[in-house]
Each structure stands twice: as structure tokens, then as C-alpha cells.
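There are structures below to look over.
One chain, chain A, appears in both complexes that follow, with chain B as partner in the first and chain C in the second.
Let's turn to the complex of A and B:
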């Protein structure tokens, strides 16, 4: 062929090689959000992931439930008049386990998407920033609710089996569920905000646990000192500065719980209102921060 | 046994960019709390001992140790970039030893120094409390760094296991079960601190001999085994 002879006319064309276009149903934005939610929720317990990653969440779940089962067994065996621990108290007692769970699963949920740069892939689909954040937030909060609610269910069923007072137990159970729902939302929000900052999973875990335990440690230390100094007014205000004491304050003010604060003096109703406002404000703030974080991530 | 280049790389991995700020936030918080407590309660030996023992030694030192110990090697193994380091003609135990030195140094700087400052703020080193807890923090830094560095080479979930040890075993079981305290870095370091300063405010459930033997054994064995693990390291994909 003569190369020096210029091609004349437009030589490009599209061949139809027989690919069929998709004409099935388009499931759309809400379906994608729901899928992301269920995948993240399953992932939070290691379902659909390797056997190794099931170990820790399942172990923590068992550790949460076993003390409840033992208490129920003791209550049934000794024919006790009431359960050894209140429904509202249980999550406060087990807060170390809950902190470990949120610290290990929050980075699992968001850090890997950042590290492997899959976030832009999500956003190239119909879902938007808010959908992604809502799905992840809801999934982790649901996982936390399952973790904290299951032992309460064990306690409740056990209490009914032990023929304890039905109305009394149902009321306590309902109050416990409200308090762990608040706790789940708050912890999930804090965990996700911290985890979403770093693509390093290990660093995220350490940062979440540091925020949760150090804040709790310092608040209880300060409260103990305020108690020793007889400045009882300060105790309730100091409690505002850590997630666990925040939940403790809310439930002792409005959900009929006995408080863990030194001296056994929970916040009064006025202070309790501040507690509720701060809790809800924090949850909203973490949601807002997540939306802001994902508005520009990887794009 | 010590390779300056590896050390420089590890320092940058641990303290580079914003990480130094986050690591620095914890000690800063301790000092702020110390100032608040001093303002609220005045200088009191028991308060100072409670705060330094409960917050600084029991919570802050292990957490800094976990971040520095696992952070010295974990992320490199995680993202696979450790092969570039391993393919250089440097002995694997040398790499571990260098990283251990760096991890110990970082843990000491970020935990023992603020403990000392907080101790002086709280009661001006009355009854030698500040010095005692600083000694404990220094000793604990060495053992924690070695232990968590080993965890970093053994498991991909090193941070979680390190935290479970530090917070569940030492703090929770240690306060409930007497026997658990014998196997606790915190108690060993307290024994050493007690011997050094001899005050009544720093007490340990472990005798000095047991503590020193166990401290040395754990540090040496952990470092040796980490070197062995690095010699036979297999890189796995993300789960």
C-alpha cells in the first residue's frame, strides 16, 4: 500500500459487534443506599468477610452477653426479687467492651474505603455524599444497638422466666433500650468521625479508643476530686465532657437510672436537659462533620 | 545493631505530618488536667498519686506504647512497603532493634516527660511522687514498646490486641483478680519505681526481683522473637 498517498474522507466508523444494551430495571439511589447499609452492617460483625475478621466482633458480642446470661441464671436459681443490675446500668458497666467494639469496627467500616480509594467509585454511582454517610452511620449505629441491646433482651427474657414483676421489668427494659439507642448513635458518630480522618486502620483504632477512654478516665478522676472537695455542683458539669458520663447523666435524669457519678448524685432536671441537648447536639455535629469530610474526599 | 536510616524512616512514619500533633494531644491533656486539679484541690499527695497512677501510668502510657510500638512496623507490613526495607542488606534483627529503640524513645518522650511535668504541677514532687511515676513510665515504656512491636509483626490486628491487653487485662482483670497483677507490665514498673524512690505512695503487688526478671525477660524475648518473625515474614493481602 502506498503510504504517501493521503487518506481521503472520514475513515472512522462504529461497528455494531452485537453487544446488547441493558434494558432491565434501574434500581436507583435508595436501593444502592440500602445495599451499602446492609453490607456495612454485615461487615461490622464480619459476615461476608474472612473467618479471621469474624473473630473479634463475635468475641466482643459474646463477652457482652455472657455476664447478662450469668446474672439471669443466678436470679432464676436464687429466686431473687429483682435482677442484680439495672437495665440502664448494664451498658455503663460494660463500657470498655463497647468502646473496644466501636474502635475496632468504625475504622473497618470507613478507613479501608479511603485507603483503597474506593470512595470515588461509590460516588460515581447514583448515591450521593449524604447517602454514603447516612448508610455508614446507620449501619454502625445499628451494629452497636445490636451489641448493647442483645444483653438487655437476655436480661428481660430471663427476668420474665424468673417471674419478676412484668410491668416493672417492661418499663426498665424500655428505658434501657432508649438509653442504649442514644449511646449507639453517639458512639457510632464519634467513632466514624475519627476513623474517617485517617486511612490507616490501626491508627484509627488507637485514636478512637484514646478519645473514649482518656476522656472517661479524666472526667471520672476530676469528678472524684470534686467529690472529695465537696464541690458537688461541679460533678454534674464535669460529666458533660465524656460520652459515657454523658449517657449516664441523661439516663439518670430522665430514664430513672441510678447514676455512676461519685456520691450517687446525678444531674438535676435542669442539668439533665443540658445533657440531652449536648448529646443530641454531638450526634448532629458528628453527622455534619462526616458530611463535610466526604464532600471533598478523593475527588 | 543500630541503623540510622531505618531509624530516620521510622521516626518519620511515627511523627510525620499530623501524627505528632495527635500523639502530643494526650500528654497535653494530662498536663491540662493536672493544672485544673491543682487549681481545684490544691497540692495533695494522695490526689497526685491517684491521678498519676490512674490516668498517666494505667491509661496514657499503654496507649502511647500501642501507637508507637505497633506504628513503628505495623503500617509498613500492612501496605506491603516493608519488602523494600527487607530487600536491603540489613539484618532483620537490626531492623527490629532499631525500630524498638525509636519506639521506646517516642513512648518515653510522649509519656514520661508529661508525667514528670504533671507530677511537678500537682504537688511539686512532694514525697518523690513525680519522680517515682516518671521512673515507672520510663520502665513501662521499654516493656510496652517491645511487646507491642512484637504484636505488630505477628498480627494484622496488633492495635486491637495491644489495647485489649492494656485496657482489659491490666485495668479490668488487674483490679478484679489478684493473680493477673503478677503478669502486668504496669505492676512491674511500679515495683521498680518503688525501689528507686521508696515512698509509701507507690506500691506494687510484685516483688522487685520478680518484676526485674520478668521485665527483662519480656523485653528481650519479645525483641528476639520479633526478629525471628521478620525473617520468615509472609505478606498477606487485605482481608
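Let's turn to the complex of A and C:
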């Protein structure tokens, strides 16, 4: 047999390596799901993809972090008693950047697979529909959490360097992280549901931006009108209809944040509970819709 | 020519020292890793959609080897593959792949099976290597093994330096090779190839068919390959299953079809003495009691003589006849009967449908 050929002596022969069968481990569904998760997460920052596709996500990441760094620098230099912006407020202020990120990366994550018909290759492998959806959802939510959490970390580290009160800062930082975690899940879900409808990436980007900005624009306008007409009760209820104001409401009710709502009146505790329910309900609904969508795509 | 030999017991060395097999001898070793009598078995399998019946009580047994699944477009080939992958429940009946029930063991089946879809499925901005590595991991291969198997598999399907380039710039033939590689990368026991020759030119088609043949002979992987062209499968497959309108039309081994007699194709040159050499040979052969067909309908009709070889002496006779006439022998080759010729009378109409598509 060929394997018995002595390997010593003339080593310069050209060997043809024949077909080798694979008897190693096959790690199954959960490993495949994790692989898809890490590939999608890396892809959300353009890693493992062309140089061109790294530009936008990296740029947005920098844009998210630079203001935080500046604030920290100012706080350290002026020996301020507190940071210029609350942890919970940062994401609300930077919402345009976050929306742009989810609009660009959600279609990148799912529309490509649909457009180039790669989806059947996934489903002809051990993973199930739900595994695919979970991996994609978790990957985009994680990417968004990195995007929104990193500047908070910059603020926190800076605040400690500026020798601000440790317990205050840690509490604020934790509240901020909970808030951006919710925001990441909500935005990722909405972005993916919209992107998964169309195989066209351009449509996906436009649709996600439209949904996020139009909903926010109309909600804040209505709130302003309600405020002008002194119907302050309505303000909180109107806030339920856009993702950004939802997060704003949740964190001002439970995470000690100052609200961005006109009049500075956030939802009360009862209304806040509704906000939390609606937020969680929306996240669950986007997950359900994605599962339904991919049941149909199949092979 | 390559000589692929692997012992069934070879443990795959995942630490990265490639096992060198010396390629000098012509000995052929059996490479079957799993001894299975039946690879695919269906039992009155039906799939009904509200308006159409895609599969109608299909019962078929497929053994190891290369099996062709032939049918017109819409005959139910793709539906059958979907059911066999455990992705679409059958309306009634049952099916087993590699001894696993498709209704309950879908994930286990998909771990041991490869699938090459009919349509394009490759993202253009990724290289073949990156793509196949990812697909290998999606099949459960650990990262190191995924990279090694990808390099091996791409080489086996005939993709070399170009595997580092984005796939958007690939020719159809190269894309088909990548699609095949992603189906083979996890060393499955069985692959489903859905119309792998679609869109290929004649040369690419022949190369693909040769590759499909090697998947079984050299890699030891059983193959179920679909086509709407019966003719191209007869050279490649051990067994052909023909379905039409979701019903089984015929299932038999290609040797049953084609090897009862040997047909010889003979082509000769013309000379000044015999301006029509073909006719001269035909007449000379007729004089010796051998009937010759003109081979009409086949490529090169009019210049090719078809005759039935009775044995060794027929070859000698032809050689002598041509030598006596002073003609040059361009070629004399064995030609197997076309499977299509096997269908007679009752099957005639359905055969038309199966061969030409609708």
C-alpha cells in the first residue's frame, strides 16, 4: 500500500495527495449557529470582507466615540464635577448615527443572503430556520451594542480618570448599558425585519432609514403639538410609537434618565411599565416575523 | 491522471500533516467508507400542493454509486430533494436517507449529505476559499479542519490560484465547481446535485460529468444527480431513475439498459479510388454479411457507420476490409446504446417528455 512507501530518501518526487476522507469531529447545530453568529458579527464591521465595506461601519464607530472622548477631555481639563452628558442620554443624542449604522448593516447581514440565494445552502446544513434567525439577530444586536456601548465605556473610564464620584458613575454607566442593550435589540430587530423583506440592499437601507426617521419625526412633532395645547397626558402615550422615544420613555421611567420629551415630563411608573412591555413585545414580534419570513424562503 | 487511494480506516489527521499518497500504481482500492445497501429509500412518497401533485406515490430504492434522477422540468425532482433533505414534509408515505427517517432525523441527515443547488448561490464579493471555509464550518467542521478540507476540495474540483479571487469574476464553469466544492467540503456520504451541467458548454459539461463520476469512484461518495437530459446521464450513472409528473417511470441500472450489445462507430477517410469511403466500406461489409446502420440523427451522420460487434472477430474484419480498400481509419470506437433507445411502444410518449423536457 502506498502508505508503506518509505518516506526517507528521495524526497523531491511530486506526490499527488489523493482524496482524504474526514473522520474528525462534526460539531453540529450549535457550533454552526455560533460560527454564523461570529461571521455575521465580524461582517457588521466589515471584517473578513472587502476594504470598501469596512469604511462605513468603522467611520460610524469613530463618529460615535469621538464626542465621548472630547467630553472626557473637557471634563478632565476643566476638573468638572460631572460629565456634560448622562450615560443614558448619549445614545439619544447620537441616534442619527445609530440609525445610519443599523440601516447600512441590517441589509448587509440578511439581504445579501437572499439576493445571492445563499440561504438554501444554510438550510441544507444542520441548522434550522430559528438558528439562522437567532444567529443573525444576535450578531446585529451585538454589533449595535458594541457601537453604543463603546462610547459609554470611554465616558466611564474618563470619568474615573477625572476622579468623579465612583458609585455615581458606576450606577450611571450600568443604567446606560441596560438602556443601550434594549436599544440594540430593538433597532436590530426592526432593521432585520425590514431588510429581510427585500433582496435589494438599496431598498433595505432606504426603508430602514425611512421607518426610523419618519416615526421619530412624526412622534416628536405630535408631542410638541400636544405640549403646546397643554395636553401633557397625551405626550407619554404618543411616545410609544417610535423606537427612539420608546427607549427614552423606558429609561426615564426606570433608569433614572432625564427625558427628551417636550416639557421634560417622562412617562410615570404606570406608563413606564407599558413602555417596557411594548419594547419587549416589539423585540419579540420582530423575532417572530423573521422566523415566519425564513420559513417561507426555505430552499 | 490522478490516482486517489484512501484506506477506509484512515483517521483524518487534523493537525495538518498531509498524508502523502504515492501516485504510481494503477491499483484501485475500494473507498467506500460506509457500507450501505440502500442510500435512499422512499415508500409511496407523495407531495401534494393545493393545485398540483408534485410527487405521486413514489417508491424507489437507490443504492450506493452514481444515480441519475431524470425528468422534465416540473417532474418533481427538486421537490424530492427537498423532502430527502428533511426540509419539506411529505404529504404521505415515508423516506429514508442513509438509513435515517427524513421526517424525524432531518438535521442528522443534513450533516452527512451535501447539496448543490441548481441556481446561482455564490456571493460575488467573497473569494471561493473564504466562502467554502464558511460553508464547511456551517456543516460542523472545526476551524482548522474547515480550512484544510477547503483547500483539498477546491483542488479536487479543479480550482487553483483563482480561488483567492472574488467569485464575481468567475466563469460559469468555475462557479459550478465552487458550488460542487461547498457540497463536498464536509466529506458527506451522499451528495445531491441539482442540474450540475446547466449552463455549461459541451467541454465544461464533459468535465463536470467526469468530476461527478470521480466523486463516487475516487472519493467514495454516493451521488444523486438530476438532469432533464437523459442522454448525458447514461455515461455517468450506475443507475437511472426516471420520473414524470411525480410518478416513477422507470428505475434500473444503466448496465441493464446499455450493455447487452456493443455498438461500434467507424469513420474512414476518402481516397481518389473511393471518393465516398464510407459507402465503400458499408458495401464491402454488407458483402460479408454484416448490416450497417448509417447512424442518422447522430453527430457526423453520413460519415459514421454503426454496426453491432459480435466479438473480437468483428474488429479484425473491419480492419481488414478497410485495409483492403486502401482507406484510412479515422476512428473505431465503442458506443453504448442510448438509454432513450430502450424505451419502446408504451413508453414512447412519456419518454419524449422525459428526454426533451416540456
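Please note the rule applied: the second predicted complex is superposed on the first by the 277 of 299 C-alpha atoms of A that agree within 3 Å, B and C clash if a C-alpha of one lies under 4 Å from a C-alpha of the other, contacts with A are read in each partner's own complex, and residues count from 1 in each chain.
The rule we apply is simple: a residue touches a chain if its C-beta (ideal position, glycine included) is under 8 Å from a C-beta of that chain, and two chains touch if they have at least 3 such contacts.
Since this is a predicted model, take the numbers as computed values, not measurements.
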| item | value |
| --- | --- |
| Chain B versus chain C as contact partner of A:50, first or second or both or neither | both |
| Partner chain(s) touched by A:236 [first = chain B, second = chain C, both, neither] | neither |
| First (chain B), second (chain C), both or neither touched by A:289 | neither |
| In the superposition, chain B vs chain C on chain A residues touched | C |
| Partner chain in contact with A:64 - chain B first, chain C second, else both or neither | neither |
| Chain B versus chain C as contact partner of A:29, first or second or both or neither | second |
| Which of chain B and chain C A:127 touches, first, second, both or neither | second |
| A:21 touches, of chain B and chain C: first, second, both or neither? | second |
| Partner chain(s) touched by A:154 [first = chain B, second = chain C, both, neither] | neither |
| Touched partner set for A:207, first chain B, second chain C, both or neither | first |
| On chain A, positions contacted by chain B and by chain C | 49-50, 53, 112, 116 |
| Residue numbers on chain B that touch chain A, as the complex places them | 19, 22, 26, 29, 33, 36-37, 40-41, 47, 50-51, 54-55, 59-60, 63, 66-67, 70-71, 74-75, 78, 156-160, 163-164, 167-168, 171-172, 238-239 |
| Residues on chain A engaged by chain C in the complex (per definition of touch) | 1-3, 5, 7, 13, 15-29, 31-32, 35-36, 39, 48-50, 53, 112-113, 116-118, 120-128, 298-299 |
| Residues of chain A touching chain B in the complex | 49-50, 52-53, 56, 96-97, 100, 103-104, 112, 116, 200-203, 205-207, 209-210, 213-214, 217-218, 221-222, 224-226, 228-229, 231, 234 |
| Chain A-touching residues of chain C, taken from the complex the two chains share | 2-7, 10-12, 14, 18-23, 25, 31, 33, 78, 81-82, 85, 87-88, 107-108, 110-111, 113-115, 117, 119-126, 130, 134-135, 137-142, 145, 149, 152, 156, 166, 182, 186-187, 218-220 |
